[in-house]
Structure formats: C-alpha cells, structure tokens
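Dropping the structures in below, format is structure tokens.
In the two assemblies presented below, chain A is common to both, partnered first by chain B and then by chain C.
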Partner chain A sequence: MIVELFILSILVFFLGILVPLVTAARDQRVFRTAALGCTIIGSVVLGVLSLVILLTGQVFSWTIFQPFAAFSLGFSVDRLAAFFLLLIAAVSGCVALYATEYIEHLDGGSRRNLLCGCTNLFILSMLLVVVSANTVSFLFFWELMAGSSFLLVMYEYTGPDTKKAGIFYFVMTQFSTLFVMLGIVLLYGQTGSFSLAPAGISFLSTAAFLALLIGFSIKAGIIPFHKWLPYAHPASPSPISALMSAVMLKIAVYGLVRFLLDVFSPELWWGIVILFLGTASAVLGIIYALKEYDIKAMLAYSSIENVGIIFTGIGLYVIFTSYHMPGLASISLLGALFHSLNHAMFKSLLFLTAGSVVHATHTRDIEQMGGLVHRMPYTSALFFTGALAIAALPPLNGFASEILIFISFFSSVAVADPLLKVLLFICLALFALTSALSAACFVKAFGSVFLALPRSKESGEAREVPLRMLLGPAILAAACIILGVFAAQIFVLVGLSVPMPDLFLVGLLLLAMAVLTYAFLFFTASRDVRIAGTWGCGTPSQQPAMEYSGHGFSEPIDIIFSTVYRTKMKNERKFFDRKNCIFAEGTADISLMKIFEEYVYLPVARASYHAAKVVSRFQSGCLDTYLLYVFCTVIAIIIYLGWLA
Partner chain B sequence: MIDPAFIQDVIRVLFAVVIVTAAYIISTRNMISLVSVYALQSLTLVFMALALYSLEGTTVLLAIACITFASKVLVIPYFIATIQERIRIKRDIEFHFLSPTTSLLLSMALMLFIYIALAHIMEGTPGRESLFFFGAVIGISLMLMGMMVTFSRKRAITKVLGYLTMENGVLLFGMFVTELPFIIEFLIIIDLIILVMLTTILTVGLDSTLEDYHNRLHRFHLVEDTEEGP
Partner chain C sequence: MTFSFIFYLIINTVAVLAIAPLFMSIIKKVKAWTQGRRGPSVFQTYFNLAKLLKKEVIYSSHSSWIMRVTPLVNIAAILVAALFVPLVFVPEPVGGIGNIILLLYLLALAKFFMALAGLDAGSSFGGMGSSREMSISAIIEPTTIIVFAALVFVFKTLNVFEMFITSAATGTPATPTLILLAISLFIILIVETSRIPVDNPETHLELTMIHEGMVLEQSGSNLALMELSSAVKLTLLMALIINLIVPFGLATSLTLGTIVVAAVMFALKGTILAGIIGLFESSMSKMRFFRLPSLFAMAFFFSTLIIIIEVFA
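Let's turn to the complex of A and B:
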C-alpha cells in the first residue's frame, strides 16, 4: 500500500507539471486550476503516506535500478523522512489552495501556467531529495530543487529588483550545491560508496562534514550565508515565498540531520560550531527583522531567526550526544525537528496572509498600511494567529517547540565541563533574548499593518480577499493551534516520551483567565459614556501621519542595538565662498549599512573578479600562446617525474 | 649476419643526423630547404627502423619503415613542396616568443635537461646505458623541439612542419621504448596527411599566417561581417 501511495503521489505531481507545460500557450484558468488541483491531491496522498509511516514506524525502501555496484537509483522512507514529507505535504496543499485564487490576480498571462508547472516541479524535487536513498540521487534532486526555485524567483523577470534577487539567489544556490557535492565526493573518498552509511572518524569525514555544513547553511539561510533570503523572498510571488521559507529551508535542515544521524560520528566541536551558527543567526536574524519595513523582507529575516533556533537545537543534540547524554540529546533533536514543522506552519501562514495584504494594498511597505483590521478582518485574524505562534506565546505551536529547546538548555547544568556550561548559558541568554525580540517584532508588524488608521489611499481602499485565499491560511492557522495545544498528546500518539507541559491545560487556564478578566471588567466598569478626542498636538482632527509608526515603535530597540545596525551617514555640502563659511546647498542621507554585503560578500566578489581578470588573460591568447602553455606543462611534468615523483 | 655492435654505431650516427636536422628546422629561415630537411629527417627514421629490424627482427619495424618512407619521405614533402612552389614563398621571417638563435640554444639546454631527467627516472634500471635510453632522450627532445617550432613561428606552413617533426619524435620514442601497435602508427600517418590537406585548405593559401586567416575570410567574403560600422 505504501509503495502504491508513493507512486501515486509522484505521478500526480508529475501530472501537475505536464498539464501547464502542455498548455503553456493558452491563458485559461482551468489549466492552472487543474495543475494546482494536482498539487492538492498529491499533497493529500503524500500526507496520508507520511502519517502511515510515522504512526506505524514502517521503513519503506524501493530500488528502481542499479547500473553499477556502488550506486543504485532508489528511494527510502523512514520516520525522519516521513516527518519531512508530512511537512512538505501540509504546506504544499495549503499553498496550492491559496494559489488557485492568488495566481489569477498576477500579471503575466499564460506565463502563469509555467509558474504552476514549476511550482509542482519544485515540490516534487524537494520530495525526492527527502526520499533519496543515496548521496548521488540526493545531489541530483538537490540541484533540481535549486534550478526550479530559481525559475520561480525569476517569475517577474523584467523588474530590476527581481533580476538582482535572481542573480544573488542563483550564485548562492550554486555555491550550496558545490559544497554539498564536495562533501559527497569526500565521503565517497572515505567510504568508497554513495550510500548513506556510517563513515567513521577521519580527516576526510571531518572535511566532508564542514563542506556539507556550509552547503546546507547556505540553503537554510544561516548567517553569514543568509543574504539571498531578504532579496529572493520579496521578489517572488507570495505562495513561492511561503514554499521556499517554510519548506525549502527545512530540506537543508533535513540534509544536515540525515547526515549527522546516519553518516557521521559527530564530535563535540562540531556541535559547538552548529550551536554558534544557530545562536548567531537567531539573534542577528531577529535584530535585522526589527529594522525591516518591507513586510516580506521582515518575514525573510524572521526565517533566518527560526532556522537559527532549529540549528541551536541540532547543535545541542550533537553536544549532548558527545557527552553521552541520550535523553537530553533526544529532547534537543525533537525540539529542533518540531520547530521545523511549526515554523513551516506559521511562516507559510504569515507569508500567505502577507501576500493577501500586499495584494490588497499594492505595497510591501508596512508604513504605508494600517487600519486593515476593519477592512480585512479574516486576514487580520489569521495573521494574528501566525504572529502569536511565531512570538512563541502559549499555547500555540511556536511555544511548544521552543520550550523543548529551553528544557534542553536548562538541563545542561548536568554537563561536566565548566567552560562548556558557561557557553551554553550564554547561548541560553541569547536564545531568551531572541524570543523577546521576536514578540516585539511581530507586535510592531501587526500594529503597523492592521491597527490604527490607514496611512495610504490604497490601504484605505483595501478589501477582504476571496474565500480560497482565506481557506489555505485558515487550515495552517488551525494547524498552529492544534500543534500547540495538543503537542504533548501528539508526542504520545507517535510513541515519544517528552517532558513538556500539557499545553491543553495551559490553554484552558489562559482561556479561563481571559474570560474571568473580561467578566470582571464587564461587571465592574463604569457604564457612563465619555466622549473625548485623543490629544493631537493642537490640530483639529486626527491624521494618519500622527500615528505611532513602526519606526517609532522599534526606535528604542534600534538605539539599544545601534552598534549592530551600523548606520552610514553621507553629508555633502557646497559653499559659496572658498573658506566654506556661507552654505549654498547640501544633501544628507542616513542609511542602514549592509554589513555582511559590504564586508563579506563584496570583498569576496571583488577578489573573484580580479582572479577572473587574471585568468581571462589565459583565455584570450592566440594559438601560439596555447602551444607555449602546452610546452611549459610538458616541461613541468618532466620535472615532476624526474625529481619530485 | 651484420655485427650488432656495428648496427648500434650506425644508429648512434643516425641519432646525430636526427639532431642536426631538428636543429636546422628550428633555426632556418629558408622554407624551401625546410621541406627537404624534413624529408631527410624522416628518411633517417626509416633507416633507423631498418637498423632496429636487423637487430631485433620484428616485422612491425619493417612495416613502419615502409609506411614512413611512403608517407613522410615521399607523399607529404611532395605535397607541401608542390604547393610551396605555387605560392612562391621562400622565407619565414616572423617569429613569436623565441628567435631562431634562442630556440637553438634552448633546444640544446632542453636535450641536456631531458637526459638528466630520464637518468633520474631510470636510475638503477639495467637499460640506463643502453641504446634505448638514448632513443628515448632523442625522441622526447625531438618532440619538444617540434613543439617549439609550432609556437615560435608565425607561418602556417612552418607550424605544420613543426607538428610533423613532433610526430617524428613520437615515432622515434615509440620505436625505441614503447613499441606502439602498428595500427596506431598507421592511423597517425593518416592523421598527418589529412592535417596537411586541411591546413592547406583552411589557411586559404599556405603563405598566410593564422592571424591573417580571419581577415582573408572577410576579404574573400567567406563569412559575413558581424561588426557594424560607425
């Protein structure tokens, strides 16, 4: 039955690729709906398959053909793979449901058919990465995922922002593939096989780990390899942003976990490196998110923060494993995996509702929004649910997974090494800071976008989106609540014992408190009606410009972290006289310094450019020059054979 | 039965002839004599193959001598000389990177260098002092001297002769060291004949340089001009 379900889901996704490609020239809704219908059906089948494997614990392996002894094309699904398949299925289905309506409001004519086809290809490639039974097919589908996602990012290919985002994304994603390939080649050098089998401890396996860690970190958006996210997410259509952020980043997480569990024998310092990367990404990600006013870029930075949290959990798992503390290691890994699922749910919810808001207001600048809670009440309720979940407020799912990582941190007092203990407690403090800043970030986001008065004409004229654009996010919002409130019960259901509080009881307590507070205020508050205008600096009426803006809200936090933000001031003045006494005209500009871009990416790019210029001299020579190179090479070989070999 | 020591002496003399012809090919500006010297060098290889045959009795060496004589002593030199006569170029005075004198000095250093390198490689092996060792040294040196001709001369015809000299080096090396299968030798000869023919056609006359080739194509309207004028 499992094989049949697997083949069925692949075939349905494949049909979803073929239908829009065959009808690429015909701009008709029916073909797009059919393709997205295939995505929904495929996702449901995939969801059922993964649930069966998760609940029964069966392992499904299927070898299609074996061209030579060291390599076979085959698939394998165990509980870990099934967990990520469930994540893919849940998000893909909801995104496809949303996209059936959203895509009809996009520009591009029949190009939208291709968008549907590429979306299915993207989902299929992610699915096949997860089920790959060996490293070669893993790499092949990994590259297919990179290629198809690049095409999706480039949907609005004429826009200058999209072109920049596309180039950035393409370069970074190819670097990711390069490092993953290097890791796989090194592993082959170590084991002589392409299978996902234990590699032992050696220099080669350590080098392979580092290469794979960089490759997966680039794809997951870990700082300092994160820069493609804030470009690619705003440039893509919202369903694609949701898929990339919620699912594709998790495929990188899956890769790291799979290799750590099945291939490597991790050492302590590996865990410290992963923990350091995770904590730095979590803290810096949310600090940058606070400063963003493009709603999709803000969500992209928030994704960096959440992937950082996941990496923190994985780092703790490696540390506790190397200290032979399996209980704590399991809790950390479960926390990381559960947060992957939860982040997929609330981040796709937030991206989809943000897409609805952008669709309604025609802007991504949250300072141009405001007052949407009255105009888009359902969307605002859904966004609010996502904001509560991502801010890790109980009893929603963000809290449920973060509490597991907190429990691991608190339990690290049992670690014997005092230095490591100090490091873990510093990381714990930063982790707690991240949670607080995350809450502040989404208070700002929700307040600026939905509350107060509209700050632009478009925002004032915004209308609620159609039903299907609410249905997909609504399912995700329900998932956020269920995965939080019933987290403990879900762990019991899949046969895992986790020392976490029963959030159902916590939820009931919170609900009772809210009801009691409301009842108390309702019965004790004065019934007198008082009418008084808010003080408006002496102006006769309230204006949107007088509202407490997002900039204003985040200003105190901006000041605290001003050393991280590093603003760049430009002041150009002209004077009438030579001694610069009489001022004529001038310009002043304060902008946020793109530290990683200016100090990491650009120097690397410049160095590559200079290296390429040197190399290009070899490329553009005449025939005689090439013959001279050959001559010199032959001489070099003779020297090597004569004296060095 | 001829005395093997005598044959070995003959081969040593032939080595000297090969070196002298290679030095001439590297240094001469006279293109008419260039083809003749190439034919002489090839004839020397034919004698060398015959001498080796009389030492070892391998029939492949006899076949190599025959085919080398037919192709490299008769067909290819005749073909190039005929075309050379038609286009009436007598001197090659354009050089890249190395002048003839420098090339000559460099080739002397090169031979010494190859000798030392091979001596290092074959240190302790019984064949170090044998004829085959010298065959290998001369073969590799001839190959590299041919290569020097290909990159230091601008005329296409001289480049072709440099390439042909390289192939003579490979043949010499093959005869003394590796014993290439006869079919490979045969295919190399076919390649050389085709190379000479193609070079003749592609350079639109053997009097051109390769850099001039593109201009000629434009002049003869063989390709469209893609660059737009101001």
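Let's turn to the complex of A and C:
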C-alpha cells in the first residue's frame, strides 16, 4: 500500500512538472491550475503516506536497482523521513492552493506556466532528498533542489535586485553543495560505502562532519552563512519564499539530523559548536529582523532566528548524548524537530499573508502600510495567528516547541561539568532574549502593517484578497492552533512521552476566564459605547504622520544594541572659503553597516578573484600552449609513477 | 482533575482578585506618607474599579478588534498566570499547571496584546508606550530566565507548586541563596509591574510613561480590567517572592482552619512587602530610559553569580 502511495505521489508531481512544460507557450489559466492541482493532490497523497508511517512506525525501504555492490539506488522512509515528508506535504499543499490565485496576478505571461512546473520540480526534489537511502542520491537531489530553487528565485529576472539576489543565492547554494559533496567523499574514504551507515570515530569522520555542517548551515541560513536569505526572499514570488523558508531550510535540518543520528557518533565539542552556531544565529537573526522595514526581508531574518533555535535544540541533543543522558537528549531533539514543523507552519503562513499584503498595497515597505486591519480583516486575522505563534505565545505551536528546548536547558543542571553548565545557562539567557525580541519584532510588524491609519495612498485603497488566497493560509493557521493546543495529546498519540504542560487545559482555562469576565461585565458594567477620535492633546485631526512608525518602534532596541548594528556615517561638505567656514553644500548618509558582507563575504570573494586572475594567466587561448601543458603533465605522471615503482 | 484542584482554582482566583487592589492602595498610601501626605483610603482602588465599571467605553474611530479584545485577553491571561502561583493553598499540580516557563509566557501573552492595543488607535503616546514596554521586556528577559533557572536549580523542579511545597516543608528562614534570589525577583517585580525607577505608575507625563501610555486609550470597564490585571500581576509576583522566602502559614492540606490562617498570613506578609515596595519607590527617582540596560545588566550579573555559586558549591 505504502509503495503504491509513494509511486502515485511521485507520478502526480511528475505530471505537475510535465503539464506546464508541454504547454509553456500557451498563457492559459487552466494549465497552471492543473499543475498546481497536481501539487495539491500529490501533497495530500504524500501527507497520508507519511501519517501512516508516523503512526505505525514501520520502516519502508525500496531498492530500484543495484548496478554494483557498493551502490544501490533506492528509497527508504522511516519515521524521521516521514516526519519531514509530512512537513513538505502540508506546506506544499497550502502554498499551491494559495498560488492558484496568486499566480494569476503576477506579471510574466506564459512564463508563469514554467513557474508552476519549476515549483513542482522543487518540491519533488526536496521530497526525494528526504527519502534518499544513500549519500549519492542525497547529493544528486540536493543539487537538483538547489538548481530548481535558483530558477524560482530568478522568476522576475529583469529586476536589478533579483539579479543580485539570484547570483548571490546561486554562489551560496553551490558552496553548500560543494561542502556536502566534500563531506560525502570524506565519508566514503572512511567507510568505503555510500550508504547512510555508522562511520565510527576518526579524523576523517570529524572532517566529514565539519564539511557537512558547513554545507547544511549554508542551506539553513545559519550565521555567518546567512546572507543569501534576506536577498533571495524579497526577490522571489511569495509562495516561493514560503516554500524556501518553511521547507528548504528544514531539508538542511533534516540532513544534519539524519547524519548525526545514523552516520556519526557525535562528540561533545560538536554539540558545543552546533549550539554556538544556533544561539548566535537566533540572537543576531532577530536583532537584524527588528531593524528591517522590508516585510519579506524581516521574515527572512526571522527564519534565520528560528533555524538558530532548531540548531540550539540539535546542539543540546548532541551534548546530552555525549553525557549519556538519553532522556534529555530526546527531549531536545524532539524540541528541535517539533520546532521545524511549527516553524514551517507559521512561517509559510506569514509569508503567504505577507504576499497578500504586498499584492494589495504594491509595496514591501512596512512604513508605507498601516490600517490594513479594516481593509483586509481576514488576512490580518491570519497574519495575527502567525505572529502569535512565532512570538512563542501560549497556547500556540511556537510556544509548544520552544518550551521543550527551555525544559532541556533548565534540566541541564544534571550535566556534570560545571563550566559547561555555566555555558549552557548563558546560552539559555540568550535564548530567552531571542524569544522576547521576536515578540517585540512581531508587535512592530503587526502594528505597522495592520493597525492605526494607512500611511500611503495604496495602503488606504487596499482590498481583501480572493478566497483561495485566504484558504491556503487558513489551513496553516488552523495547523498552528491545533499543533499548539493539542501538542501534549499529539505526543501521546505518536507514542512519545515528553514532560510538557497540557496546553489544552491552559487554553480551556484562558477561555473560561475570558467568558466569566465577559459575563461579569455583561451583568454589572455599563454597556454604553461611544466612538470618538483618538485623543491627541487637543489637535483637531489625527494624521498618519503623527503615528509611531516601525522605525520609531524599534528605536530603543536599536540604541540598546547599537554595537551590533554598527551604523556607518558618511558626510561630505563643501565650503565657499578656504577656512571651511561658509558652508556651500554637502551630503550626509547614514547606513547600516553590512558587517558580514564587508568582513566575511567580500574578503573571500576578493581572494578568489585574485586567485582566478593568477590562474587565468595560464589560459592563453593558444592551442600550442595547451599541448605543452598536456605534454608536461604526461611527463610528470610518468616520472611520478616511476618513482613509486 | 480532582476536587481539591477545582477548589484550588476557585479559591486562588477569588483570593487574588480580592486582595490585589488592596496591595495597590497600600503602596500608594506608603508613598503618600513618605511625601508627608495622608493619601487616599486603602480601599480607593476598589472604589476606582467600581466607578470605572459604571462609565461608558469610548473607542477610537481608528481602532480595531485588537482594542476590543485586549482587556479580556489580558485579564484572562493574567488570571490564568495567577493560577500558577498559589496564594494560600498549594494542591498537587495537574497537567503542567504551575510550570514556571508557561507562567512567564502567559505574562508575555498579556503584554503582547497590550502593546498591540497601544498601537491600535494610532496615538503617538500609545506607540511610545508599546515600543518602550517591548524593549524593556526584551532586555529584562535574560535576567528573568536566569533567575527562574536558578530557582529550578535550587528546587530541582520546574513547577511552582512543587517549589512552594518544598519551601513550606523547609520552612523559614530560607537559605542564603534564596534570599539572594529574592532580591533578583524583587528587581523583576519592579520592572514587570512598571514601577520606579523603570516607570512611574502615577503620572501621565510622556517622558515617563510606559505602561500608562499603552492604556491611555482604554476607558470605562475596559480600563477597569486593565488596572485590575496589573494589580493581579503585582500580587502574583509578590506571592512568588513571599511563598518562596517566608512560606510559613502556607496551606498544603485542604481544611478550613489552615486556609483561613494561610489567607490571613498572606495578607499580612503581602502588606509588609507592599510597604517595602512603596518605600523602595519613594527612595528612588525615575531613571532615564537608556540608563535602564545598565540596571538590568547589574541584575543579570547578580543572578548569574548565584548560578555560578550554586554550580561550584
């Protein structure tokens, strides 16, 4: 049954790739809807399949063919893979439902057909990465995923921002593949096989781990490899941002978890490295998010933060495992995995609703929005659910997973090493800072986008989006609520015991208190209501310019964390006289310093540019020279072989 | 869910609602005395609430459903949070009620809604209040979590109920570490309830207001709910300190005698702590907003020190 379902879903996704490719020249809605319909059907089948495996716990593996002994092409789905399949299926289905309407409002004519096909290719490659039974097919589909997502980012290829974003993304994603490949080759050197089997402890496996960690970190957007996220997300269409942020980053998480669980036997310092990367990404990610005024770039930075939280959980898992504390280790790992699922839900919800907002207001600048709660009531309610979830407020799902990581942090009392204990407590403090800052960030986002008065003409004329652009996010919002309120029950259902509070009970108590208060007010308090202007110290009318803007809102945090932001001030002045007394003209420019770009990315880029320049001297373009190279190489090989013999 | 737990839910909510306005008034009274005034009656907060219930509610024409649901969500979240901190009677915990992390995040839930309501009407006072409130709550968070972690460390449990049971069994005086922790908890209380030197609850001057700025647009019964919820929040944080440090009289079994004794003892201890808060506020001046991070950093290093002492002890 499972094999049939699996083949069916793959075939449906294939159909979803073929239909738009065949009809690429014809700009008709029906083909795009058919392709996205395939995505939805494929996702539903995939979702059913993964639920069956998750609930029954059976492992399904399937070898297609085996050309030689060390290598076989096949798929394998265990509970971990099924969990990530469920994540892919849930997000893809909702995104496709949303895109059926969204894509019709995009520019690009029949290019939109290709967008649909490429989306299906992207989803298919991600799901095949997850089900890969060996490292070679893992790498192959990993690269396919990278390539197809690059095409998706480049959809609006004429825009200047898009070109920069695309090239940046392409280089980063190729680095990722390069490091993953290096890791896999090193692993082959250690074990002599391409299977995902235990590799033992040695220098080679440590090197392989580091290479894979860098490869996965680049893909997951871990700081300092994060820079592509805030470029690629604003440039690509919203459903694609949702897919990349909610799903593709999680594929990197899957890769890390899979290799840590099945291949490596992690050591303590690996855990500390992962924990450190995670904590740094979480804190810096959200601090940068607070400063952003482009709504999609803000969500991208917030993804960096959330991946940081997931890495924190994985780091704790490795640390506790190396201390032989399986109970705490499994709570941390479950926290990390559950947060992956939850982040996929609320982040795709936020990206889709942000897409609706951008569609309605024609701007990504949150300072130009405002007042949308009156004009887009349903979208605002959906965005609000996502904001509550991402700010980790009970009883929604963001809290349900963060509390697991909190619990494992709090329980680190049991770790023997006192220095490590202090380190863990410091990471705990930073972790708490992260979640408080993310609450501030989403108060700012929701407040600036949806509340108060519209700050631009477009924002004042915004209209609610059509039904299907609400339906997709609505399903995700429902998932955010269900995964939060029933978190404890879900863990019991899949047969895992975690010491987490019953959020259903808390939800009931919250509801009961609110209802009782309402009833009390209903019978005792005055029911008179008056609508009047906002009090403004006697000013006759309220203007949008008088409101607190997003920048203003985050100003205190900017000042407090000014050392992190590092603004760069440039001013040039010209004077009429020689003694610089009479000012003629001048320019002043205050900009945020791109620390990582200036100190990490550019030096690497410059160094490789210089290296390329040196190497390019060998490339004369003259055939004789190349023949000389070949001749010299042959001589060198002969001498070398003779030496060996 | 046992009978005693349901009884606990009722008794705790009633107790906290009944006593919270009193503590607010006592603080005001003490502050008035130190300024040489007679001050309002200790029942003034009750009268204020009763008065506000009779008034009409005014909404801004720019405001949305956020403004309308915030008072309800706020009071519900704070009352549920109050259930996590037993005032007079500690039952066996049920379903994770009493989890200290959840307690913190229920307070955050109330804060989130309040900050959004501050932005809702588009008034710059509200925006200023929310902006400052969210900034302050973000930078105090590491301290809070470290103090809570230290509590978890000392009591070996995540549950406030079990902490109280342990402290009631150990009795008074508490250990030196706990007294150090109580000082940190006191700083958290001052920050979380927006008191001097962080915020001034008495004034509506724009330079000082944080909490008052956010609730400026609230009126009538909604304002009553907001004021009551900040009183309840004060009481639950006070109860956390009281029942950890001086737990004597705290009822762990359900009989009429012990409950009455516990209630009287709690009211007494709370009155004393409220007096201390009043004196503390009177002896300080409001700090400049951007001086606050250094105050918090002090509290942070203080609580980290406790952890380090505990770790190496």
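Just so it is clear, the second predicted complex is superposed on the first by the 594 of 645 C-alpha atoms of A that agree within 3 Å, B and C clash if a C-alpha of one lies under 4 Å from a C-alpha of the other, contacts with A are read in each partner's own complex, and residues count from 1 in each chain.
By our rule, a residue touches a chain if its C-beta (ideal position, glycine included) is under 8 Å from a C-beta of that chain, and two chains touch if they have at least 3 such contacts.
All of these numbers come straight from a predicted model, not from anything done at the bench.
*Asks:* What is the contact status of A:528 with respect to chain B (first) and chain C (second): first, second, both, or neither?
*Replies:* Only chain C; A:528 stays clear of chain B.
*Asks:* Of chain B and chain C, which one touches more residues of chain A?
*Replies:* Looking at chain A, the partner in contact with more of its residues is C.
*Asks:* Once the shared chain is lined up, is A:365 touching chain B (first), chain C (second), both, or neither of them?
*Replies:* neither
*Asks:* Which partner chains sit in contact with A:622 here, chain B, chain C, both or neither? Use first/second/both/neither.
*Replies:* first
*Asks:* Applying the document's definition of touch, where does A:642 land relative to chain B and chain C: first, second, both, or neither?
*Replies:* first
*Asks:* Based on the superposed arrangement, let me know which partner A:631 touches: chain B (first), chain C (second), both, or neither?
*Replies:* The answer is first: A:631 touches chain B but not chain C.
*Asks:* Kindly classify A:548 by the partners it touches after superposition: chain B alone (first), chain C alone (second), both, or neither?
*Replies:* It touches chain C, and chain B stays clear.
*Asks:* A:294 contacts which: chain B (first), chain C (second), both, neither?
*Replies:* After superposing on A, A:294 lies clear of both chain B and chain C.
*Asks:* Using the touch definition from the top, say if A:458 reaches chain B (first), chain C (second), both or neither.
*Replies:* Neither partner.
*Asks:* Please identify the positions on chain A that touch both chain B and chain C, taking each partner from its own complex.
*Replies:* Residues common to the chain A contacts of chain C and of chain B do not exist here, since the sets are disjoint.
*Asks:* Which of the residues in chain A end up touching chain C in this complex?
*Replies:* Residue list for chain A touching chain C: 371, 373-374, 380, 388, 391-394, 399, 403, 406-407, 409-410, 413, 418, 421-422, 425-426, 428-433, 435-437, 439-440, 443-444, 446-448, 450-453, 488, 499-502, 505-506, 509-511, 513-514, 517-518, 521, 524-526, 528-536, 542, 544, 546-548, 552-557, 559-560.
*Asks:* State the interface residues of chain A toward chain B in the complex, per the touch definition above.
*Replies:* On the chain A side, the touching residues are 622-625, 627-628, 630-631, 634-635, 638-639, 641-643.
*Asks:* Show which residues of chain B lie in contact with chain A when the two form their complex.
*Replies:* That would be residues 96-97, 113-114, 116-118, 120-121, 140, 144, 147-148, 150-152, 154, 210-211 of chain B.
*Asks:* If you look only at chain C, which of its residues touch chain A in the complex?
*Replies:* 9, 13, 53-66, 72-73, 75-77, 79-80, 83, 94-97, 99, 101-102, 105-106, 108-109, 111-112, 115-116, 119-124, 126-128, 130-132, 134-135, 137-139, 141-146, 148-149, 152-153, 156, 158, 216-217, 220-221, 224-225, 289-290, 293, 300, 304, 307-308, 311-312
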